[in-house]
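Note that the chains are named A, B, C, D, E and F in the order they appear, and that numbering of residues resets to 1 at the start of each chain.
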């Protein structure tokens, strides 16, 4: 019985070392990555319990995934080993200005994409949990996962479990029209929505002069009580500025800004979601933004998608502790 | 205009280093591997020209494949870059007795599997070539590639190009029944057939007390003039004995046997096919077996599927040159 | 609630790559290793549930250990994070004939060595378990762990949990006299004893012409119902022969022998113990020896101390399945 | 028949990983590097065909070089395998402010340095090409290569092939006096000259207040119609600003400036030359500067001397596409 | 007979590659590090002779340490191989803003910590030397090493050897009270003291508006003639500004400031001490600060604790030579 | 003042990892290797002092060499840093049956090859030494080194220092005729000659039915009192049998034979020479053969040319201690 349930795909992530192009590669570093797992992991690092729900192939790659899920402390008790489907893979190239990092996805036909309504016993899974977290990637995987996400969110609401949803529009997975339609049906089930201003505009035509205006637009349109966003200033690949912002009940909150030197920015937004839910578990949005910005900022310094951090480190960053080595 | 045309799939090969299990892996060595490319490469190493025909996705993985095809000296002029399909992947674990090496294939939906009759301009491709080489893996990929293989072999025969076919039954790709049916239709187009006794029995029910008996059975059944086999004695993973055997016009020929210490046995059979065709290009089956056994034996000592060898080294092995370092 | 509880130390294992001497090393491969964890891991791979009981420092190294414990599927719920003590380390050099592999231990002052009677709540821990497994290394760590081992075994007996004990005398940890005294007090609490003939002689003066004679001597001396041993023929470092043997109620059983090519022999005996307990959980010593020999033999092929194997692979080895790659 | 012919040396490049000093090194990363090959490779990446002319030893190192030449898509058909001479090597240390990167050259006695007038059949080689590209390194290698460069450039002019020449003075190869003399004889054969203001001054005493003034001086002195330069602002090792500038027929053109985070700056100037010739092939100097600056800037992000980029990426950089990962 | 004698501990330093957290690590890079050895090494690189005095275990780790001491050119003639104690280890994680680099020490029970008065024959050791260098880490290791440091410094003074002492308070080794007491007894034996303003305040309550004021306070309090400090501006992990400052006989001297891109900042302060002593050997504090700042700044660019630099490079940096590669 | 002086070249050794061909290589492992240094290192490991005399370029590669010379404990006090010449390099490929390991030498123009009579102050260098060791590689490098070797050996004889000479004919360095002539002039200066039967025959036409007969022939021909040989049985690359044999004053001695599993056979003969001289230092040829065979056999298990072993390990092997890990 975990505090938080998350639901989504995990892929094998393969990246050439030291800024090599994929074309040059002779070896690849292997990590696993998936938005909802990353968030679950962040919650565990913050002292919460979390279970990740998914479906992986019953082969060494599927086991590799669950091995690592357990390694970081997330429960894999609801993960199904499937006879059908494969484990999605993505190939990641790290960039340097003026070359952006880039990804080649190879995720079609995955075991999780073959999930559908009824694949998971959601009423049992959400029992005892306080929050359910899903991202917009999950319903994008297939019609089946869109159904399953809907089923999960409805089961959550029935059980009094709150729902956090990260919009996370992925243009490589589905069209804006299809996304707008599917996500538009899910959003009324959501308690806290994480969304970028760009996605708000492109999917729903919700625009505004600033985050607050856009957030208000989303609140009005979908009845979502709370909207959260990531703020990033980036004119280089190896150095950004990073913060979190949230809107709820007429008020906008912003976290401190962090200077980040970037080892690996993947999973930073998912870590932010973890910090956010950590605050929400205490009913405190501002706390969520503060933890979210800190864990998200710190995540940039860690190779792989997962936030290998301790609560102490996160809180030290929030207190502005410096960059000296403790001796 | 190459001496030999080969046709088939190449996959990205990913292997954990140093005998790790895939479940343990944190990095993977990347090679490319495909039976027909391996054979083309062996021919180039023996001084022949060879072109490999295939279809790869128009993305960094597809380019990685053709980069490496060119690197070893095989022509990629007939390779198509496709907007559809992916690049197949296989995950290889190296074993040690009593654990066999093992492979997890992830090759569905590849660009080459979407080839069909008409995808390639075979009459042009085979113009000027002397041999066409295909393995039983190619028609196993899809109904389309089975058609394309048929089309290629017929184009070859029309153009006076001889056909070498390596039976290479892969149970993970198709059933024995389907394989027997499709391959049974192709074999009458074949000049030289490479086949194991096990495949002869399981696919076609052709059995016999020894290689010669089985070869005779295949000759009778399919009208193939010549049958070639690999001989391997293996009760360990790191050490085998290896040779080649052939039957043609009532006579059986056997190469010398080689003691092999095994770095990587993948591609040894394909290298043998290269040596075989090298001899056949001179109209000399015995020469083909001798070169085939030598290059096949030597291939075991080289990481990756490709036979990075020189003609001088192959001939030195044939002359029984020893294992001293030359200084 | 796990089928099997094991109790002992885990150390960080650091080994130079590719047969380097420690003196030459510029990098070290990091694994974790501990006899009782290895056995718990083997049981999990065979489909049983297992929990490992220990005490690690509350720092990144302690967390690294429990991360990996969870990764392989063993429960870490009874592991304590201690403010005192360190995480033991051992440095491993891989050898080649005529140079044996060798180990430099640096394990003094570990958190687990500071455990004592009362550190763990044994009655709770063993509740619901069927077997408790401890090795002779645990009582060798300190007077405190000797007490804790005694406490654990008595709690097990009180709760009807059977006790398996691997004698595992370590001359670098304690003298023969001290070991004989402490172990001699523990053995009457044991249901199944794993012991080498050398240890039987050096610690207890129990000798005999063969395994059966020695086993009988141990049975008589300590009232242990069952004695099990490893059989290894080894005149090279990279190749051995390996089997298991057991004696119970007047009868001696021996497993099949395996030819093993050796990637990493550490943990082979612990894997054997896992296979043994797997059989004992079904009340079948012969089955335990058969699984023990197979998983122990297979372990030699895997880097690290842990037996990353599947039940299917273990059973395939028992059925003498060959060394061909399945395709 | 390639669009562009380039002529020069390639060396094996050996670099300790991760900013190590050579003195510390226990392993070296192996790349190949040579100014004219780098330029040929850039042209291929931009969709042009290119052949590289050189002379390498007939041993595994020479083959390694041509393997990699083919890998990136440059034709090696005019490369000669020589019985005499060796393959030059250079050892590269990557720096960090205030330590500059540094190179130890070991290139004496190379096979290419033994080339002379008559070694290559230039009239045949340049047939059908549109541009010949040589750098000032080639004539610096030996008196023979100075002759061969002269021969090549004259053959080009006779065949109506335009000549691009990158001055590239290397003080470790020859004195300023000797360079001025030899290069001074070659420059009248040049259509487009790439030159730094420092080289213009030190070799030819051509000075001026800015690039335009210096370019004018070179035009006057040598009758070169067009002069191109690289612009770099650099007070750190890991971050620079980069652009291209050109002068022709009284007019000065400058590309956009790029912020570059530097993985490996070697070959950036050679990549710029590729972009330049790409524009010149369309008769458009401004286009050449724009492509040159973009491919040169992007090259800084790629390990090795070769510009592993796609035309799409280069054009995206030119359009100021940002640093977000496309998903 | 060395110019400079240094006395202290060396530990095995183990660091996960590429910014990994220790929890994630599968391999560790191995270096050695110890403040006083680092300083001795810097002196050797500057052309001085230096011997490092210590006590290491008589096992492969102890030998690894002395191997590397000799490798960099420092004399190990006074190092003792001990039957007791271990080799300390520290685990280093490299950070990126906002995550600081961090260290887990595991140094208790080391062979050097068991040294005491009488362990080393100081009068012999210091004979012929000109300076003795010790840091505040050495007396922090144990009561015995505090005695030994006192003994060494008194022997130096008796022999007319000057004493340089780097305060280097390590809060993980001892309390401020204990440090203040022990160090307070040693400081009157010191000719040149390296101290941070923070240590001056926390240990001795010596404060002031700027370095000069604090230095004056230390001079007054302990009679130390000269005080030296490091100046570092650091709001990022990968980039700092760095300089040296010194006070003697009423005058304050400051070196040039250096922009540093940081590969590995460990040992920068110890390198500074080497540059300082290099100047002091010529009786020139300003020269010492200039060399100290330059070698300290350059050290940041080199992996490991040791300053693998040449005198030429250090002097080039002092002359503001730029960041171009020399070709 | 060292017990033994050795004189020769050291090269940078570059080898692709894991049995790769050089053509495939993307990184190379860097070791240093040179016959006479290897022997000096073996002597140091056996507790003797040794100095290696040579001439290296005054650049980072030369320093790398002397760094490592000191690292293993050999004195570099007589090594000269030269402004002229380069550091030789050799590229090593590790083989597996039926592919032998192979080497590409690139050693022309080395600094040591430019040594000549008068380069080294031999009377000073040999003062106090007991043995001088040179191999037949040194005079093969150039006419100058042949003179220098002659000069060294004569200085040794004058000073009462005994001379050990390892014939070591290298066909890639000189012709048999030239070698016979030069070596024939040196051999009368030799006290102990190490020679293979093949070299005896090819260089001097000395043949015989067995080692004793050949040794007698050499004794008669050159007046060398003692002749020593290596015995190796090798029909695989990864496994050999190895022993030492010697003849002196009418008597033939043979060491025990060792089964060797081979990690790296380079330097095994040089290690044997070290063991031999270790015995000769005690005036005991049989002891020398016994130590020589043991250290030579053990060397096969260690990567690199240098014998990283301890005297204890060598003596344990001589006593037939087994292959168990000590725990």
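Assume a residue touches a chain if its C-beta (ideal position, glycine included) is under 8 Å from a C-beta of that chain, and two chains touch if they have at least 3 such contacts.
Computed from a prediction, not measured in an experiment: that's the story for all the values here.
> Considering only chains that satisfy the touch condition with chain A, which of them also satisfy it with chain E?
C, D
> Counting only Cα atoms for the centres, state how far chain C is from chain D in Å.
Once rounded, the distance between the two centres reads 62 Å.
> Counting only Cα atoms for the centres, state how far chain A is from chain C in Å.
Taking the average C-alpha coordinate of chain A and of chain C, the gap between them is 40 Å.
> Could you put a whole-Å number on the gap between the CA centroids of chain B and chain C?
45
> So which bits of chain E are touching at least two other chains?
17, 21, 23, 26, 67
> Considering every pair of chains, which are in touch?
Listed by label, chains in contact pair as A-B, A-C, A-D, A-E, B-C, B-D, B-F, C-E, C-F, D-E, D-F, E-F.
> Show me the residue ranges of chain E that touch chain C in the complex, using the header's touch definition.
For this pair, the touching residues of chain E are 14, 17, 21-23, 25-30, 59-61, 63-64, 67, 86-87, 89, 91, 93, 104, 106, 108-109.
> Which positions of chain B touch chain F when the two form their complex?
Residue list for chain B touching chain F: 17, 258-263, 294, 297-298, 300-304, 308-309, 313, 317, 321-327.
> Which positions of chain B touch chain C when the two form their complex?
18-21, 23-24, 95-103, 170-172, 234-238
> So in the complex, which bits of chain A are touching chain C?
67-68, 70-73
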